[in-house]
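Each of the next two complexes has chain A plus one more chain, namely chain B in the first and chain C in the second.
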Partner chain A sequence: MPQSKAGRVAFEPLLLGLRRIPELHGVARDGDSLRIGALVTMTELMESALVRAHCPILVEAADQFASDQVRNVATIGGNVCNASPAGDTLVPLLALDAEVELVAKPNGLLTGRRVPIGEFFKGPGKTLRARHEIVAALRVPIGVPGRFMRFFKLGSRPALDISAISIGVCARRDAGVLSEVRVAFGAVAPVPLRGRATEAALEGRQLTEAVIETAAAAARDEVHPIDDFRASAWYRREMVHNMLKKVLADAT
Partner chain B sequence: MPLDQEIEFTLNGGPRRVAVNPEMSALTMLRETLGLTGTKYGCGEGECGACTVLLDGRPVNACLLFAVDCDGRELVTIEGLASDPVAGRVQQAFVEYGAVQCGFCTPGFVMQAKTLVERHLGADRNAIARGIEGNLCRCTGYRKIIDAIASVASAK
Partner chain C sequence: MGKAETESLIGKRIPKMDAPDKASGKTRYIDDVNVPGQLIGRILRSSRVHARIKSIDTAAARALPGVHAVLTAADVPDQRAIGVSKDNLPFKGDVVRSLRDEIAAVAAETEEVAAAALKLIRVEYEDLPLLTDPLEALKPGATLIHPEREPVALKHPEALRPWYDPDNCQTGNIAMSFDYTQGDVARGEAESDAVVEDSFRLHYVTHCCMGVSGVIADFQSNGNLLLYSNTQVPFLHRREFAEVLGIDPGRIRIIQPPIGGGFGSKLDIYPFEPIAVFLARAARRPVKLIFTREEEFIASPTRQPVLIRLRSGVKKDGTLTFRSVTTLHDNGAYTSWGATTPFVMMQTFSSLYRVPHCDYHTVAVYTNNPYAGSFRGYGNLQATFAVEQHMDRLAEAIGMAPLALRLANAQNPGEVTPQGMHFKTCGLKECLSTVAERSGFEAKFRANRDNQRMPGTLKRGIGMASMLHVGGGAKIYPSDGCGTILKLDDFAHVTLITGASEIGQGSETVLSQLVCEELGLPMSSITVVNNDTDITPWDVGVHASRTTFIAGNSAIGAAKKAREKIFAAAAKKFDLPAEAFALRGGLLVRADTGETLIDLAKFLRSMHFSEKAELVMTSFYYEPPSHHQDKEFKGDVSAAYAWATQACEIELDTTSGMVKLLKVTGAHDVGRVLNRLGIEGQIEGGIVMGQGYALTEDLMVKDGRIRNPGFRDYKLVTAPEIPEMDISFIETMDGEGPQGAKGVGEAPAICMAAAVANAIANATGVRITELPFTPENVYRALAAARAQAGQRAA
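On to the complex of A and B.
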């Protein structure tokens, strides 16, 4: 609504309310995945026993999201469709290898498709979603239990702040060795970014100080942030480096 | 000019039927259509919490809510808390602790504080401070507001 009032987004001639569609609500286990309905709010993410058990990184992101009043209405589907490079659930969803479940009803027939979240974002506010499609759910594979997961958000104050940078890390940890490492960054590129070079620097390795430094340096080199009123590009790069070190220190 | 839409919802415990413009916010509906001006307009973009109301029991920003989206739901405004015992204790504590100066933020704080007390956070000041992150006050500096809420939350 603020975006419409500020003239950035025009109201469509047709407003569609999705709230009464039951399939868009709730979190459920579906085989090897969690299906998180598009209308699940930040508060509901924090309260869901399934999300707490399998995707604590999403709970961390929801907990640092805006304010109580906003968390009670902001949906995960809206956050994904909004496609802000700083969108706080997008970084955890990338680190979790989530899929976006899209549905459409072009001529009376319900059709659906699933898109890996890494392919979904095309630019600030731009996604692969076609005009006639809605996001029905986010699907998150349930990985092995006990994985390391951490979301870190840097802002100038704790509440109601858009991330200057954010970092998400998910990895298996067997006897100190990391595998299936996923690292994602927010607010450092036009879209939320998978840190492939950072992941490669960590995969199969023991988290020694040298490995952490190499990974943090790789992260600094692979992000490409912009200067804006929240932070300069230089500051963002430095913070990606320093804060990734901090996050990885917790994984040792 | 879009046509008005007829909606029905529960407002402060009683049924309400009203015709609203589809682009109208719940805040505008409350203040301008229904004349309930206790809910304040501070920023219009979810930052200040002056417009906090309870939607199906949860605090939300009325300025970010479409009026049409109230259809079939339950809305409580500060006027609806007039005889609510918890809100009454919160109000009394705000007076005792000097947590009100200009008063513009107070209805929003009382709405939010009532739900915090009901969530049994106890007198944990950090939890209270986090609970009021979505409410801005330009006068008091928050300390007295937190004191007031803590006093109610810890008295059982």
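On to the complex of A and C.
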């Protein structure tokens, strides 16, 4: 709505209210996954016992999202469909290797599909979602307990700020050795970005100072941010490096 | 009868009288005012920054059902230029010079129709060269932005010397210049043991009033014009409107609904106001024109952006020797009050500290950028940013502590400066020592400095800055006066009718307090009328921190007259001399014993029924006589001056450049505290405004376009960033001030950016001379300093 008022997206004369579809609400365990309904708000994410237990990184992201008023209405499905490279739940969802559950009813028949989140985003505001589809839920695999997860958001003020950069890290740690490492970055490319080179620099290693520096340098090299009025590309690269170092150093 | 309550209202914590309405949503701002039959006005602004208008086609807009008027320059041949230099025609007909430029306007039945009509107006442009950097606008051969204007004759072309050869540059784009000299700067420099020089760059910020700009123009059946307006200077506006519209000022009435913030932004008349009147005239219906938030960002004034070149010297013993200043102001496309800020900056350069030799040359240069208006502090934030950073640099140069250097050069009460400013009261030294003591300044300053080269990425810093600002009105208009009418009814209820506008600063509360204090009445027994030029007496307007001082004295004058009348009547009735009485707690009492003589309401009733009661008092207060400034700017600009020192403590993260403001310790010479709650609110609010200027706010103007016209990307300080504050009041009891008080409205915002800059230097050893201190700007400066140090080491 704010975007069509600002003239950025065309106003559609046909409006579909999703609020009263029960299947789009709530967080539930579904086998090895957590199913987070598309209409779950940031506030609900923060309050959900299941989310807190299995993906605290989403709680961290929701906690740093805008302000109370916005958290009370902003949904995770809206955040994902909005597909801003700076969207705060997108980075944790990438780090968690989530899937997007899409549904449609083209000829009166309900159909559905699941898309890995890493393939879902096509550009700023652009996704794989077809016009007639809606996002029903986000599915997050429940990993081994006790994994290391961290979301870090850098803005110029503590509240109500769009990320200049953000970082999500998720990994198993057995006797100090990292595995199944997934790193994601926000606001450093046209879509939220998986940091494959950074992951490779961490996978199978312990968080020594040298490893941290190598990973941070890899991160700086693999992001490809732009200059815009929130931050320059140079500053974003520097911050990806410095803040990833901080996140990893805090984990040791 | 017992003894009356004798407690004074002065210095008490008194809630603002308008607070309950504002807190409960009852206040009716201009947007809530609806006049029967009103139309909605909207303005079509230029989509180009600098262009010739080839054609404007309004036919389709005029044909749209629900549209009652569509106007362009061609439809208003009688329009006249407005603004400080009369260089701004409300409707631009031939050339647009900035993105906000008004090309056409519509009046329609509804907002939707008005918006649709705007979209139907076709404008053809032919682009002209863009000048968005004042240095480019001065280059030889640069396009003239106002070719129609007579060029300004520069008295001191050396104003341009830091940037250009004065004989070989485009002076035709100079909008205004100021020159000031005292003593002999060359001599001062020869006597110096250390000299420092820097360039400072100050950016655009804007007022961000919660209430956007707006006006309702409503012609009465007798042809008189009624305006509902957010102005903070209703009487001056009445005159200006009369000139613009070519009508008798007496036929214009201005009603001010409660104003949602002014901060100086409503000191000038802007094109939207005459445009609303033209629309009302053309449509023969009242027209309401309210800005959108985006429009407020694009088309309301900014704080003046400035480049400052400052050179200062000091002797080994800490005596300041000279200060030589040139400033270059980006005037934007038209001239509003921003261009005149050197008038205030000058006082800080010449007289914040004792400087024997000082010169100051300025030019304001036309560009195609937004134009600056007046904004709380009026140039003083910019001047103080430069001067106070130099105080720290000079101290460092001679190995002196920053506090000691400031104390050694601080003004004293009674001093008349070389500029001719007479400081009848001056608490600067007390402000300095109070802040130093309460913040633990010296120990922290040394510890932070020692910590600069230690490992660790979180650095602490502390920095201080002081300020001098007018505190007893400002002599910028032939009169700095304010009138009061005071009406006492037969129930001892007082109506205070004052010329002074309430713009949220709490003036109606303070003025009521001063009147009730004189009449021994509780705050519940007063009503204020202050928003209708047909009723209220003349006042020059809300600006220059003058209202409490000027309007306060005026109100006290009327209250004293009332008291005299009461005592004269009492003398007859009780057969005692007039001096024997006092008014306390709503009672007439004996001054010596406090014994109650009669209930004041009852006594007033008896007076009402006697002849010649005349319980309506009038008074008018002009600023006290003093040596008015001459053409060389020598002399006084105010009856009293306000002083303050603030110390800022920060934590700086060197890995991100993020500066967290932890604590502000302030001491303000306010003359005397009248309403403690009100003055705390003013100071806290001002500190936060100064914090935004220093750290977060940045109106980004690129190629003449504002890139962040909304609160998402124009970053005001939010609640979690507000620092701890420790505020002390220094009460110097000004002889001329109402109950000893001086003005304080602008003061608290002035020191912040300078103090934060000094704190950053204390934390890191890196001095940043450009605002704002956003994380990226700070990080970039630290990286540049590291690179330079590396180069030096290699």
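The rule is simple: the second predicted complex is superposed on the first by the 252 of 252 C-alpha atoms of A that agree within 3 Å, B and C clash if a C-alpha of one lies under 4 Å from a C-alpha of the other, contacts with A are read in each partner's own complex, and residues count from 1 in each chain.
Please note the rule applied: contacts are C-beta pairs under 8 Å (C-beta built on N, C-alpha and C of every residue); 3 or more make two chains touch, one makes a residue touch a chain.
No experiment lies behind these values; they were computed from the predicted model shown.
Q: Applying the touch criterion given at the start, work out whether A:R230 contacts chain B, chain C, both or neither, answering first, second, both or neither.
A: Touch partner of A:R230: chain C, not chain B.
Q: In the overlay, answer first, second, both or neither for which of chain B and chain C A:V70 touches.
A: So A:V70 only meets chain B here.
Q: After the superposition on A, what does A:T43 contact: first (chain B), second (chain C), both or neither?
A: In the superposition, A:T43 contacts chain B only.
Q: Would you check which partner chain A:L160 touches, where first means chain B only, second means chain C only, and both and neither mean what they say?
A: In the superposition, A:L160 contacts both chain B and chain C.
Q: Counting only touches as set out at the top, which of chain B and chain C does A:N242 meet: first, second, both, neither?
A: Second partner only.
Q: Chain A residues touched by both chain B and chain C?
A: In chain A, positions 67, 158-160 sit in both the chain B and chain C interfaces.
Q: Inside the complex, what are the residues of chain C that reach chain A?
A: Against chain A, the touching part of chain C is residues 655-656, 658, 696, 700, 702, 707-708, 712-713, 715, 717-721, 774-776, 779-780, 783.
Q: Okay, in this complex, where on chain A does chain C touch?
A: Of all residues in chain A, those touching chain C are 67, 154, 156-162, 164, 229-232, 235, 238-239, 242-243, 245-246.
Q: Touching chain A in the complex: which residues of chain B?
A: Contact set of chain B toward chain A: 22-23, 25, 44-47, 49, 52, 55, 58-61, 63-66, 68-69, 112, 130-131, 133-135.
Q: Spell out the residues on chain A that touch chain B in their complex, using ranges where they run on.
A: 1-2, 4-5, 11, 15, 17, 19, 43, 66-70, 72-73, 158-160
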